[in-house]
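By written order: A, B, C and D. Residues from 1 in each chain.
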Amino acid sequence: MSDEGMIMNNPARKERLSLVSISRHGGLAALAVLLIFNILITPNFLHAQTLAVNVSQVATIALVAVGMTLVIATGGIDLSVGAVMALSGAMAPIIFTSDLAQSYPVLGLGAAFVLPLIAALCCGIFNGALVAILGVQPIIATLIFFISGRGVAQVLTNGNLQTFSNPSFSFIGTARLFGIPVQGWLVIVIAAAIWYVVRYCASGRYLLAVGGNERAARMSGVPVTRVKIMAYATCSVLAGISGLIVVAINSASDAARIGNLMELDAIAAAVVGGAVLSGGRAPIWGAILGAVVIQLVKYTLLANGVADEVALIAKAGIIVAAVYAQQMRKG
Amino acid sequence: MANAEMFDLRGLMGRHAQMSGVWVALAAMIIFGLLRYDNFGSAYNLGSFLNYNSMFIIISLGMCFVIMTGGIDLSVGYVAAFTSIVAAYLSPWGIVPALIGGVAAGVAFGAVNAILIVPMRLPPFIATLSTMLAAKGGSLVISGNQTVAVDWDSNFTKLGMDKAFGPIPWTIVLVAIAAVILWVVLERTPLGRTVLAVGGSEEASGLMGLKVTRAKVFVYLLSGGCAGLAGVFLASGFGAGQPLEGTGWELTAIASVVVGGTLLTGGLGSIPATVGGALLLGLVFNLLNFENGRGTISLSAYWQMVIRGGVLFAVILLQARMSKSAERAK
Amino acid sequence: MQQLVSMRQVRKSFAGVPALRDASLEIAPGEVHALIGQNGAGKSTLIKCLTGVHQRDGGQVMMAGSDFHADSPRDAQNSGIATIYQELNLVPLRSVTENIVMGAEPKNRLGLIDWSAAHRRATEMLSRFGIDIDVRQRLGLYPAAIQQLVAIARAVSLDAQLVIMDEPTSSLDDREIETLFSVVRNLRAEGISVLYVSHFLDELFRICDRVTVMRDGCTVAVRDIAQTDKLGLIADMLGRDRNEIAASGMTALDGPRGEVGPEILSLKDVSTGRALRKASLTVRKGEIVGLGGLLGSGRTETARAIFGLDGLTGGAISLPGGRGAPRSPADAIGAGIGFLAEDRKAEGIVPDMSVRENLTLALLPKLRRAGGIDTHREREIVDHYIAALGIKLASADQPIRQLSGGNQQKVLLARWLATRPDLLILDEPTRGVDVGAKREIQAIIRDFVADGGAVLLISSEFEEIVEGADRVVVMQEGRSVAELPGEGLTESALIAAIAHVPDEVMA
Amino acid sequence: DLPKLEQKDRYKVGFSQMESNNPWRIAETKSFKDTAESCNWDLIATDAAGSAAKQVADVDSMIAQGIDVLFLPPREEKPLIPAVKKAKAAGIPTFLVDRSVDPNSAKPGEDFVAFLGSDFVKQGQRAAEWLIENFDGDKGVIVELEGTTGSSPANDRKKGFDDRILQDDRFEIVASQSGDFARDLGRQVMETLLQAHPDVNVVYAHNDEMAIGAIQALELAGRKPGEDITIVSIDGTRDALQAIIDGKMGVTVESSPFFGPLACEVMNRYAAGEEIEPWVQVEDRIFTAENAADHIDEAY
């Protein structure tokens, strides 16, 4: 996965800013095709409720894809996001259905949001520390939680499905603001904040430097270890938030299922959005775009009654096409 | 040069530390098992353990070659599921057509990977992720969403169910032969050395005039073929082509390769250590089953997941420490 | 006589930016032909167009009288062109033997690689360069000089008609260069042509027959080496008048100095492991301290120790204000130290980031404003240094990898100057930089010192040390063994000190 | 020629669970563990994490440990046949639980003692029959939420329902998509299908989890499950019974996971030398608004 620029006659790229926008075009093209196809074919596509449904479904992928983009920018990858979702999603109901929370509902509700995210943060720090301090390769470092994180969640819940009815908690999954599900707004706010940091703050610069040339970054005083840990930690916290959203929508928490296969969707979204697995680039809005593309593919196939097995093949083809289109544009 | 001798020592320690972690851990686990559990060392357990894990060893071997070039192949699990169906359909004609057909189907998937990765230059992670989805969809399509029975009357199931000698099953014999061949290819042929060189630096290999493209195509075809063989074992050993099998195999294979001390960034790798890694990970399951059988603590399925993650963590820590102390020994 | 290689009017652009406009090159059989030019003149590109790494946009290439076109480096290699590219094209993770024999491995009767024959061949090849090392070890474990020689040994072993060497000597010491030259002379004696790229013009007069000079992607002169001199070549390269050049000295390091001030760095018996065992030195404000030594004598290790990259296993480093050894580069930067690393590609540039971002990378902590980066000030600083250092680029937002080596080096120098350090450690600051840029970089260093900065200068070019340093600390085998005053130091005195075998080391 | 089971005080019993990723399986495992106490079992429980191949390996390791009896819910019809045969060869009587194996290759009374369980096809049929009886509209527009693609309960429950319901002209299945037996996916699939087919008025889910997910999707979309849409499902979980009580769901066909006591009883009969019927049928109840409240406390 090295930069093979020297061998493959690689014409100079334009400056990075326009490069980001160009590489988005693969995803944009895919989006355009999907929209046109749906408007023409899918029944009732142009409908406010369609938008709401898609926004509510894409929110979790988008959040995790944003986090994944940060990790990928350091040249890493995070397979543990689904497991972290399960962990935080399993914790929340345990907390607000506990006796203590029953007696102090506000405190309990607050704790149900905060404690799972702290747990997710710890997972992220663990991943980051393995990668940055011990030098374990990211796939393997995050494989540890991929395997065991969900197990921990199931141990916590004894494997049981936890169902509950808690309208104030379910707010983050079911409420709407201006007709759009509240988690959609949440995604936009979080993405905007992260985009700002990546674009305008020193830590963003550091992130790209670490991914672009780790040794050079270290030599320039960049706190490489901290930057990497921060990337994994942010990714895990965002996964944690997604886990809470899933649980809130369903009014139920099933540790075995929350976030299943999320890592693959998130990685695909990040890459369709223009992230490069070797690091050094962090297209945040690209990740959102990628997530929207993945979501629309899913929606299109489902709404048109394409059988699950065929849908898998179609999804594979679309990912290949979108990423290949980007590759072409980059030259 | 004055410093030559110094390099000797450091290199030797460093080179073996990464690979020896797996043997230490494996030996420790076997001794633990023998001491703690009755029947752990029984011929029956040995035979069935090897038979089941032959599938994982073979895909780990293919994965090892892919990883040595700095690539990755996520499609192996579902490709094996796909080829198990192909083999099941071919089983009435006997063992040879089913074997060849299954492996060929795997190689075909490998060819798709190779096309996506080499001429189309997609990142291996994304390319093989897509083939993984396609292979899963494809196996459901060709099987009509059902498991496909093999022909029990042809000799096909002998491959996966009979023993070659003593408790040693045929599958592991085939795997051993494959491992030896691959070992020779890696250590003693230009192709094998090119695979390693490409993983060390693709750019430099190209400038050195090595056949980079051929090496990259080869590893994906090989990995596909190995997955194909695993699929044949699956069909033959379990009597059916199984569209739902194969989930997570790719991660098991990657973990085996890494536990065997191969760098995911490519350029280094060992065939025996990869086999050791696959055996080690398989042994975790086997030991857990025996532990459950003692009845003192009955571990739930979730604890087993936690423990597997913990074992992986421990092996990684062990490796990190061993290569550190080898470094310090300078 | 028919030329072995003849390239005419070769053109090549990268994304519309021309790297070669009108490049020509003729190499006769059995000659040693030099190719020179400033950084970015297009030398490497011309070579890559010949060897199939790049495909030319236009022009004609002939080899041995017929049209020639290589699709890939392999193609060129098969046609008898062996190349040592400027960026080391070896695989550090693989053994020395493999790096030498790869692509032409000795085989046994079964068609399998015969490793003992391969090791023998590798050992034998290297012994022609006076190297005796364990060829079974990973190449990456050996220092840059040995790696460079391995690359050369590989090229020479390939049985070629033409051996191309793109800056082979940039990381070799004198003794190794001598060996290389004798190998080049042997090649010539066997009738093999050599194309030789170097920024060290003195070398050319010793081994080359003819020289082609490039400037801005064009071939501007072809001369018989016997009929020209160094000044003439520099004039060709720069496109300037020779008298004008003659008026200034050989390096630009000499010049007015400020007052030498208080001590700002002192090392006492510092060791970090086997490569650095006992180094002591001091640096004061306003002076350049040279660090002399052979390759592998521990100079870079000393710099790394000062910069907080390697933990100390013994001895002490003290900085002003009672500060001890920095614990990390960030710590060192905070203490007013800058470190220009010797390996520009691996430890210097972040290739995909813009020149601007590369330039301010070490400065970011000081550019913070209200949670963000003060982009206005950032641009001011960047513009200032681009102008002050004469960095040639299209735009500050251009990725740094598009710049030529010399300009990249200036950007990295600017990265450190911008942090306004008290002490600048420069590890081979002018390696692989052309004469023009070299002088400019030297002038920048001089100005920095004149303003009261202190410099610890590591350089394999004795000229630089001799002319530039106020004091020279000599290193051998990881120890500092002598200190020479800069005043009145001659090159031969320095060489004598470096090569002298001290008794304590023998013990 | 079946292996005999001698009468002992304590038995070493193997239970090879196929996976533990849904409440039903968890309840089943728990039922066996609870029974172990009362039935004097030393229980070895393994978990194959959804892999038929691993399940065979698990059975192998239990055979190696010398179990007396094997209870096996086979992950797949065909791939578990080797496990059944190996157990027989090792002299271990095997009882299949909740799913069976391919009767062409392994037969009760020959290769294994008996199959304890219900019939997935019939479960689907009964759901269809309830719908045919209780649907009072003119046109039933059905969305079907399938289980895990390719799994045998999904295939059978689909077959049973589809074959029966299509005999009645009033009904049409406009969409049939997989929700993977999971609540979250059931909800997402329902949300999407509801957009494409707004006129749907019946939802048939292959399990209760997906049915609950569908109810959530309908409510989020402002529909009234139970009033303008009839929900039909299988399993009989506590949440489903509650939904029936709340009037949101029409029916759920029971598919009980509590096999422990039955297993104990059948095993003891076999040890006593009794002839065991090849298929020990489990009487599946059917929960509707009439009886849901009476059974909710015993549901899982």
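By our rule, a contact is a pair of C-beta atoms (placed from the backbone, for glycine too) under 8 Å apart; a residue touches a chain by one contact, two chains touch by 3 or more.
Chain labels with UniProt names: A, B = Monosaccharide ABC transporter membrane protein, CUT2 family; C = Monosaccharide ABC transporter ATP-binding protein, CUT2 family.
Note that the structure is a prediction, hence the values are computed from the model and not measured.
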item: Pair exhibiting more inter-chain C-beta contacts, B-C or B-D; value: B-D
item: Chain whose mean Cα position lies farthest from chain C; value: D
item: Computed distance of Cα centres, chain C from chain A, in Å; value: 43
item: Gap in Å, rounded to a whole number, between the CA centres of chain D and chain B; value: 34
item: Inter-centroid spacing, chain D versus chain C (mean Cα positions, whole Å); value: 72
item: Sites on chain C at which at least two other chains make contact; value: 53, 73
item: Chain D: positions in contact with at least two other chains; value: 20, 149-150
item: Junction residues of chain A - those touching two or more other chains; value: 3, 6-7, 154, 159, 308-309
item: Inter-chain touch pairs (all); value: A-B, A-C, A-D, B-C, B-D
item: Complex contact set, residues of chain A against chain B; value: 1-4, 6-8, 77, 79, 130, 134-137, 139-141, 143-152, 154-155, 158-159, 264, 267-268, 271, 276-277, 308-317, 319-320, 323-324, 327
item: Chain A to chain D touching residues, read off their complex; value: 42-45, 47, 49-50, 53, 56-57, 154, 159-161, 163, 174, 246, 249-252, 254, 256-258, 260, 298-299, 302-305, 307-309
item: In the complex with chain A, residue positions of chain D that touch it; value: 20-23, 26, 146, 149-150, 175-178, 182-185, 187-189, 191-193, 195-198, 209, 212-213, 216, 220-221, 239
item: In the complex with chain A, residue positions of chain C that touch it; value: 14-17, 53-55, 73, 87, 307, 309, 328-330, 332-334, 339, 341, 346-354, 357, 361-362, 364-365, 367-368, 371-373, 375, 395, 397-399, 401-402, 415
item: Partner chain C, residues of chain A touching it in the complex; value: 3, 5-7, 9, 11-17, 196, 200-202, 205-206, 208-209, 212-213, 215-223, 280-281, 331
